[in-house]
């Protein structure tokens, strides 16, 4: 379970029918270092997040519980949209569309 | 769940019978950095992808749901073929056979 | 399963209802090297840990067992608060709020 | 699920009885980079692979399906012996005992 | 599933009751490189390993099978104590308490 930033969309016409009807987002994991990870994930999004938003991502059974069925080809899902992050040594902030921190 | 590029095939004659009848592909994860990962995965392919194609890959129960049975030795599967990727800071593109980005 | 330090909080208003009523903590994995990992996790916290505390974190079914239900969007949870760590080559210590080691 | 090279054996007398009767192999993941990973795995081997052979490795439920029971302490298993690997940009080859590529 | 060296103990008074009665060990994964990983794991130990010993570690369902129940907060467990490791290119050895290799 991690926080990430939505950095893109993925389109696939030829796919398992169990993936139909749900947008696929590319998500870059948030790190406390200088930049996010470049090992991007694909997540199904039942919540309605857009590019640039900060999201909460879960894996496996937890992801499918939020998607509503265990019998699908989804293994990762957006399970929430993050309003703000508070770091012990970095104040409270939102992430801007480009990933920079905006104090709140 | 991730996007990857099919970079090869794997052949195995001596294997679990539960792996019979399905092609095994080598997949290199897509990253937003300069190059893909060199930590390649093996995925069963029920969708019909070929070398050089960009695919969607899932793990565990999700992979086996798309393969049609939970009682097999497969743990990773191709669950879709990617038409295009849109990055917030990189336009919309396909991946060429060699992994370079082709604007669409 | 790992030891980590609570380095922050995450707030999300729009989320799966199965995540309601539980605080979300950002946790930085403890390493035996010079610094913790900057690949932070998000964990649900049914134990009551605060920022700066050292916690025990579990994943998947184990996490949800401690949370009380398998039918939730949680995949990671705080399952204990660490009193002390003893390293074979580093004595016995607590971790201070900033991650430095305090001998006990 | 990955391709790896068998680089060693592990012996353990004191262990869970559910691990009895199966050889334990050390497997180094194959990468498309200059060398394999040094983060070696331990896998149960129901197929009969030897040191230097290239194997297909699966995790979790898939591994235990091939081993024949879900109620064992095994989490990783050899599920096949690889005859040849074809890379889009590297020809078709076997891996020699020392990991170098032998064209076939 | 991996081989690791027990490098420490963890104590936690406030924790899930499902974790009671089992020692928690810090385990550093064995690698074939110059040193072990500094990304240490926490494992429940039903086998009776001590600091400096080399152990076999499993995750998830396999770990809990060895612990005796799927309904616990444990996700990682020691499932065996390693007597010796044989590497194709490094002889047969035990690991000393400090991780150096002792030929056997």
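Read from first to last, the chains carry the letters A, B, C, D and E; within each, the first residue is number 1.
As a convention for this text, contacts are C-beta pairs under 8 Å (C-beta built on N, C-alpha and C of every residue); 3 or more make two chains touch, one makes a residue touch a chain.
Note that the structure is predicted; figures quoted are calculated from it, not measured.
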item	value
Intersection of the contact lists for chain A and chain E	C
Fewest hops from chain B to chain D - one hop per pair of touching chains	1
Separation of chain A from chain C, taking each centre as the mean of its C-alpha atoms, in whole Å	20
Whole-Å separation of chain centres (CA-atom averages), chain B against chain E	33
Chain C: positions in contact with at least two other chains	60-61
Chain contact graph, described as a line, ring, star, complete graph or other shape	ring
Cyclic chain order when read starting with chain C and heading to chain E	C, E, D, B, A
Contacting residues of chain D [partner chain E, same complex]	6-16, 18-19, 24, 26, 28, 38-44, 51-52, 60-61, 64, 70-76, 97-98
Partner chain E, residues of chain C touching it in the complex	1-3, 29-33, 37, 47-48, 56, 58-63, 65-66, 77, 79-90
